[in-house]
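Chain nomenclature is as follows: A, B and C, assigned in order of appearance, with residue numbering initiated at 1 for each chain independently.
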Amino acid sequence: MSFWIRRLASIALAVGGCFLIDWFAKENLKDFIVRLVVLAALYITLAVSLNLINGITGQFSIGHAAFYQVGAYAAGLATVTFYKSQPLGLALWIPLMMLVGGVTASVAGLVVGLPSLRLRGDYLAIVTLGFGEIIRIVTQNLKVVGAASGMAVEPKMSTPMIWLAWLLAITSIAVCRNLLQTAHGLGFLAVREDEIASSAMGVNVTRTKVAAFVLGSAFAGMAGGFLAHYEGFLIPTMFTMDVSFIILTMVVLGGSGSVTGSVIAAILLSTLPEFLRDIQQISMAGLVAAAISIIAGVVAVRYVSQHVHTPSTRRIAYPGAIIGSIILTVVLSKVLAFIPTLANASTDGSRIRLVIFAVTLVVLMLVRPQGLLGHREFGWGSLRRSEA
Amino acid sequence: MMLSVRGIEVYYGAIHALKSVSLEVEQGEIVSIIGANGAGKSTLLRTISGLLKPRTGEIEFRGKRIDGIAADEIVRLGISHSPEGRRIFTNMSVQENLQLGAFIRHDKEIDQDQEKVMERFPRLRERIKQNSGTLSGGEQQMLAIGRALMSRPSLLLLDEPSLGLAPNLVTEIFSIVLELNKEGTTILLVEQNAHRALEVAHRAYVLETGTMVLSDTGKALLANPKVKEAYLGG
Amino acid sequence: MAVDHLFAAGVNFGSLPAQVVNGILIGSLYALIALGYTMVYGVLRLINFAHGEVYMLGAYTALFVSWLIYGNQVAPVHTFWWALPTMLLASMTVSALVGVILERFAYRPLRNEPRIASLITAIGLSLLLQFGGQLFLPVAPPPNINAKVNPYSDSMTFYLKPPAKPLADKASSLEAEATATEKAYNEALSGVPSGEEPGPTVTALRNNYFEARNAYEEAKGAAANSGVSVTIPKGQLIMFVVTMFLMAILRHLVMFTKQGRAMRAVSHDFDSASLMGINVNSTVTFTFILGSALAGAGAMMSATFISGVKIDTFYGLLPGVKAFVAAVLGGIGNIPGAVLGGLLMGVAESLVIWVGWGDYKDAVAFLILIGVLMFRPGGLLGSAKVEKV
């Protein structure tokens, strides 16, 4: 009995929280920030759902934007085709269309999941990437969805339905976390660790892998369905390989397999680089200084992890390297500013946005391949444990 | 002293595989190391040949420290290692395998040595152009030994040369080991077939879960009741 | 004859041989890039996603060197014999250097980590060079090299079946008329003082000329369609010959030299190779040098001889992806497989354009890839073994 009370209470809390975010954001935040709040929710959904495929089940997929796109286009097309008679209010219609997007994307997930039965590792990665590109090229040429010039989704939501985006994000988190606490969920982890052993233990490897793809792509599709009605316009360039790589970076940064890691990384990486868009002039001297400092930091951390075995020294290595790199960046950028060619050149923030993702991937692999949280979860339980 | 290993500690990640292991090999000897599966015999050979690095301890070969030197450099110093499981290059012909054995050499006598190997192992001559993946287990073992000889080593490390071979082939392999030794090659032999290994050895060591527990002449160990019970089937 | 009958059936079949030849020429370029993927995969079991960017940097090098040599001038033909090889060598050197740096500082530290870590790093490096490169490299800087070496953009036409005699005669007579009217028009035009509107006579002459030219073009097209011809741009022929030459050198290096044998040993088994006295690190470096230099050569030639693609930091993306598909198609890790895969890839792409699905030609590469991986995961010449991470 108390189980159900607790469950209902947490659901009520989650839904209430979503509306609270919605209310707070609309009352207090600028449009630009509201947009970030929405995007963060979408990226959380995308990262958590990719994590289910990549991190938890161990099927290396790098074409997640394809499912996002399939969901967006399916939902958009359905609205354009069927909403003329206005059968429902938008507040009901859009969630329904998100379901349409989710179902369509999960069919695509099924199609991509099938090769995963035969392929592993890098080969599967390539197939998922290829599938993503095929989807993009086909939509680029498909007249029904506006081909390369894009498709307007009418009607779009009049004000951003922030609560809906966050409800989706929280649902995806809850599904993944609760899944891991069931016997079926442990099957996903078992498949990641050792397919043969897990099939010997009675895990249906085939069904588990395909289920991961179907479930993961369904959430991505729902996020796409939301995006279609949030933006009111869809164009194939919204779903290039870059988007897949951004989602991948989030999963890798958070730690493959860690749901909370994905959430934290998705929030960080979807919001922080956006602030760069507004910065018109970033000096080349600063950029070069940052590049040199990052390299120095990586070298330092690697040196410590390989040659220093004292735990106390190792514990200060990461913060030391980060602080050291920041100090070095500041100092070097002042020094490099004496070089006229570097001091006078500048670039705008939007151009280094994707560079940040690339650097994150490479640096992370070199200093901490398991990601921020590794396989661990961050939660109240772990806090309590660390206090004890 | 040709080879001396002094108190090496080797770890595989968190697993402590060799615990303060010491060992000596004199010029011209056959030294056997016997021990059960997983005792660390192969780990010891892999550490001597440079594939693994000891965390502490020293390995000296002809008076030169070799622990911490890369495996390919150690080959050049005169140690040749025929690894566990043969590990021949199955994507290449028998001849190419032999030539790779002589990779470090630049002299004109490589072909002569290849001829010698084929005299010793006539079956390799028949299959010289054949892909080495098509060889039988015994032939692959002969190729692995022949390949190791091609670098003209002064010390030959043999890891389980009799593994998985029919009894008559085992006899053949051990007679070749003796023959090689008579011709001047020092041999460090790792074997599960303790009886044979002790028969051919001048001296031998017993390795148990990463620790050297016994060392004596081959004959003495053959007669040792503990060894008899544990390794020679009573 | 039966073949004649087929060719006569429609315009399409007449252009088939040309498309196949075109596909082989482009395919040889894919093959050259695919070799780098396949060799690196062979030794490290790593898909070097950044290989396309190594190629991109090769193209930039060619562009930069051509600018050093010629500035913004159109290049005089008599300097080609030394200028083009200089560009080729420069591109190969720079690409090789980039490949070695990537291996040394990004892939080598991760060699003992799970393979997925190297793969993610490769993806990261690829993005880093694409987007980071944008900060430092000019995007589509004019002028393109292929405009400078334009004598090589001429093409040669071979007739498998000559055009019908009456059509050809008609075309040549119309050509004479077109030339004459053009001359008349130009003369009249040069008589008009600059800044003034040309008078009605000049306009009439111009209309004459345009009419004659259109008639000629039409007749020429009809004549060409009645025959079966293959047209090869000179530059692409040079590209093909150089490519084949480089591949022959590679084959010799890999199969018959000590370094090549070491490479094959390392690709089989790191430990056993080092027990032979082979320095694994330097052999891996050697592999990256070879693969990257080939990509650099391909980049220089495509930047020089293939027009219509602007040079930016994404220059290597599509060729890289297609070459990768080619490598998988042939059986990744397998050197002859990469060549076969590249040629097939090129021909398949031309055929897709030939049947009129040109918009989908990039998707076809991936369709082939997925098909191959589903039904023959080892590729055409590879073993059927599926890799486990």
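Convention: contacts are C-beta pairs under 8 Å (C-beta built on N, C-alpha and C of every residue); 3 or more make two chains touch, one makes a residue touch a chain.
Quantities reported herein were computed from a predicted structural model and do not represent experimental measurements.
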item: Chain contact graph, described as a line, ring, star, complete graph or other shape; value: line
item: Two chains sharing the most contacts, counting C-beta pairs only; value: A-C
item: CA centroid of chain A to CA centroid of chain C, Å; value: 36
item: Mean-CA-position distance for chain B and chain A (Å); value: 52
item: Residues of chain A touching at least two other chains; value: none
item: Partner chain C, residues of chain B touching it in the complex; value: 49-51, 70-72, 75-76, 80-81, 83, 87-92, 96, 99-101, 103-104, 147, 151
item: Chain C - residues contacting chain B, complex; value: 258, 261-262, 264-265, 267-269, 271-280
item: Chain C - residues contacting chain A, complex; value: 46-47, 106, 109-110, 113-121, 123-128, 130-132, 134-135, 321, 324-325, 328, 359-360, 362-363, 365-367, 369-370, 373-374, 377, 386-389
item: Chain C partner contacts - residues on chain A that touch it in the complex; value: 60, 62, 115, 118-123, 125-127, 130-131, 133-134, 137-138, 140-141, 242, 245, 248-249, 252, 284, 287, 302, 347, 351-352, 354-355, 357-362, 365-366, 369
